[in-house]
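Presented sequentially are two complexes of subunit A, the first with subunit B as partner and the second with subunit C.
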Partner chain A sequence: MTASSSSRRRFVRNAAGTTALALIPYQGRPAHAGTSEAAVPFEPVFFTPAELEFLSAACERIFPQDDLGPGAVALGVPFFIDRQMDTPYGKGELWYLSGPFHEGPPQLGYQLPFAPRDLYRKGIAAADAYARQRRGRKFSGLSANDQIDLLTAFEGGGVQFPELNARMFFEQLRRNTLEGVFADPVYGGNRAMQGWTLLGFPGARADFMDWVDQNGAPYPFGPVSLARQPL
Partner chain B sequence: MKKPGCLALLATLFLFPAAAQAAPEKETQLIEKGRYLAAASDCAACHTHDSRHPYAGGNPFLLPIGTLYAPNITPDRKAGIGDYTEADFSNALRRGIGKGGKPLYPAMPFPSYARMSDADIHALWAYFHNDVAPDPASVPANKIPWPLSMRWPMTLWRIAFAPTPAEARKSAERHFPSQETARGAYLVEGPGHCGACHTPRAITFQEKALSSDGNDLYLSGGAAVDGWTPVNLRQDNRTGLGRWREEDIVAFLETGRNLHGSAFGGMTDAIVHGTQHLTDQDLRAIAHYLKTSLPARKGEAPWTYDPAVAKALQQGTLPDKGARLYVDRCAACHRTDGHGYAPAFPPLAGNPVVMNPDPGSLILIVLRGSTLPPTEQAPSPFTMPGFASLMSDRDVAEVVTFIRRSWGNNARVVTQDDVRTFRKHNGQWIDDKPPSPMNRASSPRENAP
Partner chain C sequence: MSRKRTDVVIIGAGWAGSILAKEMREAGRSVIMLERGPERRTAVEGSYPGSIDELRGAIRHRLFQNPAKTTVTIRNTMNQTALPYRQLAAFLPGEGVGGAGLHWSGVHFRAAPDDLRLRSHVIERYGKKFIPEDMNLQDYDVTYDELEPFFDKAEKVFGTSGEAYKIDGKIVGNGNVFAPSRSDAFPLPPMQDVHTAALFRKAAAEAGYHPYSMPAANASKPYLNSYGLQMGPCNFCGYCSGYDCFMYSKASPNINILPALRSDPGFTLISNAHVLRVNLDAERSRATGVTYLDQKADREMTIEAELVIIAAFQFHNVHLMLLSGIGKPYDPVSNTGVVGRNFVYQTLTTSHAWMGRNDYTNQFVGAGGAGVAIDDFNSDNFDHGPLGFIGGSPVWVNQAGIKPIAAAMSGGGKSSPRWGKGFKEALVDTYRHSFAIDAHGSNMAYRDVYLDLDPTWKDSYGQPLLRMTFTWKDNDIRMNQYVVGKIEPIMKALGARHYELGRLEYGEPFDTRRYQTTHLGGGAVMGADPRTSALNRYLQSWDVSNVFVIGSNAFPQGMGYNPTGTVAALAYWAAHHIRTRYLMHPGPLVHRA
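Let's turn to the complex of A and B:
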């Protein structure tokens, strides 16, 4: 048992540690080095243009571009979340949203009557109002440092929006942003699988039997998506 | 069927003196025999379009000349064959002549059914006339434009190309090395009408041979049906059944899968409605006949496994783009060594379908996907997703070529043009996807910017 779990750990470590480098020649282009890839403009189906401005600014702060790779905007995360809000999940059809609602310990679960898309609609309006009130500008007009300050305050739980605690909104945004970074590109984010490349995650190939007994060998194949990929 | 059985039992136990019992019991046996023969003849493949309306017809045949609909063959007097006499029934099955002299299209395999014995036709008649429920559903009128809609040329066709029942019986009663071979030949060449798909047809549409003593084109592989290319069932080593053992054939006909491959296309129906219901003895007879009466046509060099490609992939080397696509999309189930996880996921190494000179089935299965039919003996319906929306013509050509040339397979290269042409002519079969969670009707990728 010890041996098998330690070798599994080694496998995971190898997969995570060695592939990121091995991928570079496979991809045929540098997969990181801070190359800024412009966001692809799109027609939102849920967010208003003003909401989209907030969303883009906020998720880029949560997953910023840096030396290791592109940020949330270049990865298509705002597009991902916009489409996500148009799914049964976004509409709250997968959640129990009827009362009674009681504030209590976290194990009692979600205690608001809002679907994810409501959290965004109410949260973005309240966050922009908060930014104007505290810093004199809407959120997307602020400097990166000011944006980080506000998001930190939201995350801390000390800010109360009219209909919800800012922490609920922040957590929703953080979770969906990371989903957009790391979910299969078929869902609109993780553009060109760069989120996976960053991790060395091999994607939806679904089978690694050939590598199970090759301890320590680097996994040589780049990631693969459920979506169509150019040869 | 439960009811007449119970009645017969009641009758036997309480009501009638011994002498009178024989008749209903005999009738029941006859009907059961007819039911068995209807399965062996796979009448349902064409005449049951909707499983809630058995034998009520309606299955469309999309032919170059227009669309034919299989008729209702339930004993309904208006919509079906309720007004047929047994002689009418026999004429339709064995001579291709409907009631009132109307010639049938040779989509009805009467040149094969012509071999069936009077006793078997009588049993089928008893079953269809007395046990199948009359169904008033009428089928759509054939959509064949005049002058092609005229039936009289079918009479000329029949005279020119179809054997008379007497000729067919003579061939069916030819000498066989054993009882078992004779039974296998009868089932394959007669009710089973395997040649309807698996024997090539002449330009005038008749099968080029109707029995194993005809010529060596019999069961040597036919032209595509609904996009699928029926394989060669002769003993050719690479493209036929040369490496299958008799028990492999029995397993395939019983469960739709074995260690060499899995059923797809029209064969799934033939297995689900037909062969899975046959007795072990009959399946063994079929297998024995196929193995012993149909020698190879071509001297194909025996297939042997070549591990070179598998070794390269297992070391992380991708020799070409086809190999990369294979590793990305196929290898999880079919494995880098091409052995698959038979009988769940079929092997591609050494598979006669893969080495077929005509790559149609392989292209179609990559584009459309396929679901292995659940049978009584093997109830798991494994599904392969289709890749039509994920792969360009070039991708399909690359991956199909890789599969056809790896692991000792030696079939010819498939080009992008081959795939483009295939797609152009088979759109309706490609879109006719098996339902599965992986083939959703609409997918978010279509919205991507």
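Let's turn to the complex of A and C:
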């Protein structure tokens, strides 16, 4: 089940560098309720060790380990987010980031000058500072309940960080965490396709000719991934 | 600056542009088609499994317009400052060869006869006073009977699957009882119902409504289209809406038209060519060609042409007209001008049913155009007299395939947590056992809802962004609430364990952060009166007669149905009149009164 960090990196590189990837059927162990999966260590390309501590704690609160299966850390979400920071998306190349910048009503959407990378760098520093000021420790040093309290406050929009509303940071974190849980394992998250197994999603099968209508029966086959082998 | 010559230059390689290119080649004219995005061939850029990757596809927007280069600004009302649409969300314009026609879903409707002459129809049935004062209700100035041969022609190119109700006035099958008579059957039989569509079909009939199979440009069987191009049967892969079809089953310009043109020496397709403007002569009454930026060489190029077809998609068409000075820009204060007037969208709300825990809805199975709908509350199929609104919505189960990231973003029901404890459980239950029912409705045009050029923000080419002033109005909210109320009996008949009705609320502004549809319309509408339409009934500019503007920009108001079937029919209709009349005698096809 465990893969070395170098082999994990290799799969990600394959995803970027090849268009036709071999498909192999799912052979990994299904997720067992309540199994405790260890995080796989890796070398971050973007986050500092301190940032990574925040990121791991926060995404685990958003998608926690519980009776239904592993949480964000065991699924490789921090690794996924770290690698996303090194893509055109992470660098803000898919957003219109030309000025001038004015805040407006929420329904007119995102109006900050920051790429995803900047949101993390500024957001994590501000969130840790906020945690120290309010609870006397950096975020990752707090109890799970205290962490949940802070994230709830960030989500609510009532906390203003120096350069952005905490809600913007929280929404970015929630979005990328869920992407990491449910994107193809080839991007480094959704380890052993356990995110997909949880939902009953068959991944890249993409052929349901004989399953168009089976009158409500559960789909019987496990998922397949774009990765050369299950992570 | 380099120059080239051609008979016809076409801006945009989506459905509208590709149809016009094929028609102009059949008429023997040389054609250059300019597309600002990259090349996208099914067997190369669109092949399996790269095409079925949710993160790369619908989430990171592989096939959509990149707003970093150019976008729009949006505000709800005229007294606000419009702000840039910095992250794609509410609507997803296409970019690259095939346009949004490569990643659309394939729901393929013909406009309802009443919707094409809505103003005349409302006045005849309900009287002129029924029309709210600030509503710009208009006719298309083309009728269903005039368009019928072109609807038929488009379906035979798209390989559309469906079931007819009436052919030549005779009832022939179990199709939509509200649909007008056709000259021929659909080229392919209807798509099979997925489980949830079958549940909806039964429950809707029990509730007293008239369910029918949605017409889908997803092939239910192998099909050879009228251009000799082959489609394969759809396997309900579920990577449909927002994705390109690796199975050659969903109609796209890339599969259904362009292969018939690519080897034709009289046809040239130039990708990565961003058109900056249409060039006009000194009197602004004749176009001389276009200027584009060759994005690979970073060089401006000019093409001289006899005929210019603007087919860059609804709001890009309006943007190009404003940047080029074609027609008079609309001013809502003085209520004059036409370019930007009658900007419309569509009302879309989704309701959810949760079935029993032993009933697996398998929402990942699906095809973008397939499903079961009712038209009992669409168009003028019901008496609006006592209701006090204009418009309607089809209601349907159109399960295009729900992938896990998208499912996780919306999570469980309205009262379930968005993250943390309880989130997973609600998400799993919702993903496994629920399904969606949409009310996909009309949107009328209003004096203060329009398009113009933004005074502040510019695109990466230095040109002003287009500005949208848009919000929901009471007429459309009332319509949506009425139709959504009619979903309740279906929910009851389904025996759903739990259900939630989604509807527009009064005073809630248009929200740019939530995907609705990419069915934007109007802004350069067709019509009989040059004071209220930018184009005549042949989609020809009233002011610059060698410019035709093809797209949903021509719709005077937003209809309940999806637009592309009507866009394609209008494209063939315009092309027919260009071929049979304009090319012989270039000049206005309709004279100003």
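Basically, the second predicted complex is superposed on the first by the 193 of 231 C-alpha atoms of A that agree within 3 Å, B and C clash if a C-alpha of one lies under 4 Å from a C-alpha of the other, contacts with A are read in each partner's own complex, and residues count from 1 in each chain.
The rule we apply is simple: a contact is a pair of C-beta atoms (placed from the backbone, for glycine too) under 8 Å apart; a residue touches a chain by one contact, two chains touch by 3 or more.
Since this is a predicted model, take the numbers as computed values, not measurements.
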Return first, second, both or neither, reflecting whether A:F42 touches subunit B, subunit C, both chains, or no partner chain.
-> first
Using the superposition on chain A described above, determine whether A:D213 touches subunit B (first), subunit C (second), both, or neither.
-> second
In the overlay, answer first, second, both or neither for which of subunit B and subunit C A:Q160 touches.
-> neither
Touching partner for A:G188 - first (subunit B), second (subunit C), both, neither = first
Touching A:L97, do we find subunit B (first), subunit C (second), both, or neither?
-> second
Using the superposition on chain A described above, determine whether A:S143 touches subunit B (first), subunit C (second), both, or neither.
-> neither
Kindly classify A:L68 by the partners it touches after superposition: subunit B alone (first), subunit C alone (second), both, or neither?
-> second
Looking at subunit A, which partner touches more of its residues: subunit C or subunit B?
-> C
Both subunit B and subunit C touch subunit A at residues 186-187, 206-207, 209, 217-219, 226
Quick one: which bits of subunit C touch subunit A in the complex? Just the residue numbers, please.
-> 47-50, 52-55, 59-61, 66-68, 71, 74-76, 80-87, 89, 192-195, 198, 233, 235-239, 246, 355, 358-362, 364-365, 403-405, 407-409, 418-421, 423-425, 427-428, 431-432, 456-458, 460, 509-513
In the complex, the residues of subunit B that touch subunit A are 313-314, 316, 318, 321, 324-325, 327-329, 331-333, 335-336, 389-392, 394-395, 398, 443-445, 447-449
Contact footprint of subunit B on subunit A as seen in their complex = 40-42, 76, 79, 83, 185-188, 205-207, 209-210, 217-221, 224, 226-229, 231
In their shared complex, at which residues does subunit A touch subunit C?
-> 19-21, 23, 61-64, 66, 68-69, 87, 89, 92-98, 100, 102, 104-111, 148, 151, 155, 174-175, 177-179, 181-184, 186-187, 195-196, 198-202, 204, 206-209, 211-219, 226
